[in-house]
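Following: one structure in C-alpha cells, then a few remarks.
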Amino acid sequence: MTQRKSYAVGTGLFIVLGFAALAYLATQTTSVANVSQGPSYDVTTQFANVGQLKERAPVKVAGVRVGQVESISLEPGKEVADVTLSIDRKYGQIPVDSVATIYTSGLLGDQYVGLQYGTAKQYVKDGSRLALSKSTEPLEAMLGKFFGAGAAADDLGGTYAVKARFTNVGALSPGAPVKMAGVAIGSVKSVQADPVKLDALVTLSIDKKYDQIPDDSSAAVFTSGLIGSQYVAIQPGGSPDMLKDGDEMILTQSAMQLEDLIGKFLVNGSPGDKSGGKSSDAK
Amino acid sequence: MAREARFGYLVLLSSRPFPMTDPLRPTTDAEPLVSVRGLTTVLSGKTIFDALDMDIPRGRITAIMGPSGTGKTTLLKHITGQMAGDAGQVLVDGQDVGELSRSQLFKLREQIGYLFQNSALLTDFDVFENVAFPLRQHTDLSEELIRNVVLLKLQAVGLRGAAALMPSELSGGMARRVALARAIVFDPMLILYDEPFVGLDPIALNQVLKLIRTLNDTLGITSVLVAHELDAIKQVADHVYLIANGKVVAQGDPKTIADDGSPWTRQFFGGEADGPVPFQYPAGDYAQSLGFPRSQA
Amino acid sequence: MSAQTQRNMVTEALAQIGQCGLFLLTILKAVPGSFRYVRETVRQLWFVGAMSLTIIMTCGLFVGMVLGLQLYYVLSIFGGTAASGTVVAIAIYRELGPVVTALLFAGRAGTSITAEIGLMRATDQIAAMEMMAVDPIAYVVAPRFLAGLIAMPLLCSVFCALGIFGGHLVGVTWLGIDNGTFWSNMTANVDVWKDVVNGIVYKSVAFGAVVSLIAVFQGYTTPPTSEGVAYATTRTVVASSIAILALDFVLTAFLM
C-alpha cells in the first residue's frame, strides 16, 4: 500500500508540474501577457501610410506600453488609413495635441505607434481623434518602399481594371498586391511585354470600393522587405477626375534596382526626401 | 453443499455478488462437471480433435495424457472458453461454454482455477498481491479480510513466509505453489492443471502432488491434470484419459491402464519410439526426395 | 517477383493499420470498464510520464540552447537578434516541442509499454488475467493508453518551458541579447491559441494517442516469443516515428 501511495504522490506532482508549465507558457510568453488588465478607451487617428503596422501592435509613450492598435482600415475615397488605438484607462491624461507616429523597432522588428505629448491642457477622451500624426520616420520614408507587404485585398465587392506601363517591372508577377497608403486595395492581374512600345504593360485589378483614385495618380513597383516580393504602390494625385475601368495611368515609376538604392543610401548618408517617397506629413 | 458454509462469511461481507455456484440448481454427484460432446477442432488445417467425447466426474482427479501435440492444452482452453471448437459442445456445470457471452464466461471463470505451465504470476506484484489479485478485482472485501484469506491460502501451500517476495525471487516450484494459491483463492469448483510437474525437482514435485491431493480431498474440488509423468499420475489421479489422433484411445484407472493391451497404451506407457504414433513425420518417398531415379529397382 | 513482394508489403502495412484502428475501437470500448482500475492508470502515468521527465527536461533544455545559438548567428546577419525570443518560442511551440517530445516519448515510454505487454503475453500473464475473469484490455491496455494520452501534453509543456529557458540562457545570459527585448518580442508575437494551444495541446494529445496506440497494439499482438517481443519493440519506434511526422504535417496543414 505504501508503494501505491508513493506512485500517487509522484504522479500528482508530475501532473501539477505539467499544468504549471503549460499555464506559465500560455500566460507569460504569449500575447496574453500584453492584454491590458484594466478597462480602456478608444482614440482614432489617421496615417498617410501605415507601413507594416498590424492590429494589436503596441501603443507606447516614452517607450512604455499604454495600449494597442485596435483596428486599421482604409477609408473608401480617401488616401489615408484610419487607425483606432485602444489605450488603458489609467493613462487618461494624454493631451489632445499629442502626435502619433509609427515607429519600427529595429530593422526587422515590428512597427508600433508612439505618442509624443503636446502641451494642451485638454486630454483625449473615448472616441476623440488625434489630429496630428506622422506616418514614419525619415529612414522609413526611404526604406519604406522595401517594407510594407501585406495580404492582397479581397475583391468581394468586385474590381475594375487599370493599366500602367513600366520600363522595368523587376520581379513583379501576377497576383502581387496593389497598395495605396500601405493598405492593399487590389492585385496585379497580368504583366505583359508590349511588342511595339517595348515596355511592360501591367493590368491592375482594383477593388470597386476604392473608386475615388485621381487619374493623375502615379504607380510604382516597390519591394517589400530586403528579400520580399514586389508590389505596385499607388500614390494619389490631385486631379478632380477619378480613374475608371480600362483607364491607363500615365505616371509610373519602374522597379528600383536594389543596387541603385543602396548606392543612394550610402551616398546620401542621411536619407531625405530626394528618394521621391512620401515623408512626414502632418495633418 | 459445504461451499456456502465455508464461504458464508465472505458472502456476507461483500456487497458485490460473490462468485458461487447456484445452490438452488439441483446437482448430483453422478452428473459430470465437465462433459465434452463431439468436439471437433481444426487448427491451421490440422485436425486436433475429431468428435471427442469425454466426461470429467465431480470431486475427482482426472488426468489427461497423450503424446505431445495432441492438443491437451487446447482441450483446457476449450473448457475455459478461451478457444471455440469448430463443432460439438463443451458443458461445464451444465452450461455450454461456446454459447456463453463474455460476461457470463467471466462469471464461469471466477469458479475455475487455472494453473499455467509457467505459473504466469504478475511480475509487477509481490506474492501477496498476486494471490490477492482476484479478490481485489472481484470483491470489495476489507483490507484485513483480504489479508486473512490470502495468508490462509499461502499457508495452505506452505509459503506464508514468502508473502513479501517478488515473483522473480521465487524458484520454479515455489512460483507454481504461489500460482496454486492464487488459483484456489476463491475456492473454485474446478481446477485445471496445465503440466504441473514439468521442470520440478523430486522434492517440489512431491510437494505439488501432495497439494493437489489435499486440495481435492479437503475442499472437494474437481481437478483436471494435463501431464506426461505416469508415476506422478499413478499417485494422484483417480481416472486417466489417453488422447491420440483427436480421440480418446484409452481410459481407466491409472494403475491398470498401461496393461489394457491396446497398441496406443503399449507405445505410450512403454515409451516405444515407433508404433501407432509413427517415428517418421509424414513425408514423401525417401529415395525420391534424395534424388535417386525410381526405375533402378 | 519483387513487385509481388512489394505488393505483399503494402497489403501487410494496410492490414496493420486496419488492425490498429480496430484495436483502438476495442480499447475505447474497454475504457469505461477501466475506470475501475484508476490506480493502475495512475501507476502507469508514473512510469510513462513522471519517469520520462528527466530525458524530456534534458532534451528540452538542449534543444532550446542550440536553437538560441543558431538563431543568434543567423539573425545577427540581419541585425535582428532581438527577434530570437520570438523565433525560439514559435519554433518550440509549433513544431519542436510536440514532435521531439513525441519522438522521445516513443523511444522512452512506447518501447517499454510494448516490451512489457509483449512479455506479459509471452509469460501467459495476459491469459492468466483472462482466466481470472479480468479483461486484459481494460486492466492492462487501456490504463497504458490513457496514461500516454494524459502524459504527452504534460511532458510537452515541460519540454517547451525548458526549451524557452535554454534559449533565454544562451541568448540573454551568454550572448547578451537584452532581456526585456527578448521577452517583449516574444510576448508581442506569440499567440496563445495559434501557437501554444495548437502545438502543446492539440498536437501533443494527438501524438500521445498515436504513440500509445501503436505501443499497446504492437505489444498486445506480438508473437509470444523473445524474438517477437524484440521485433515488436523495434516496430513501435519505427511506426511511431513515421506516424508522428506524417501526422504532424497533416495537423499543421489543418491547424495553421
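As written, the chain order gives the labels A, B and C, with residue 1 at the start of each chain.
Keep this in mind: a contact is a pair of C-beta atoms (placed from the backbone, for glycine too) under 8 Å apart; a residue touches a chain by one contact, two chains touch by 3 or more.
Everything quoted here is computed from the prediction, not taken from an experiment.
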Farthest-lying chain, centroid of Cα atoms versus that of chain B: A
Chain nearest the global centroid, as defined over all protein CA atoms shown: C
Chains most often in contact, by C-beta pairs: A-C
For chain A paired with chain B, centre-to-centre distance based on mean C-alpha positions, whole Å: 82
Centroid distance [mean C-alpha coordinates] between chain C and chain A, Å: 40
Euclidean distance of C-alpha centroids - chain B vs chain C, Å: 43
Complex contacts: residues of chain C adjacent to chain A: 39, 42-43, 45-46, 49-50, 53, 75, 78-80, 82-83, 89, 93, 150-151, 153-155, 157-158, 160-161, 164, 183, 185-192, 195-197, 200-201
Contacting residues of chain B [partner chain C, same complex]: 80, 82, 106-107, 109-110, 112, 114, 116-118, 120-123, 133-134, 137-138, 182
Chain B partner contacts - residues on chain C that touch it in the complex: 119-120, 123-125, 127-135, 139
Touching residues on chain A, where the partner in the complex is chain C: 4, 7-8, 10-11, 13-15, 17-19, 21-22, 24-34, 57-58, 105-110, 226
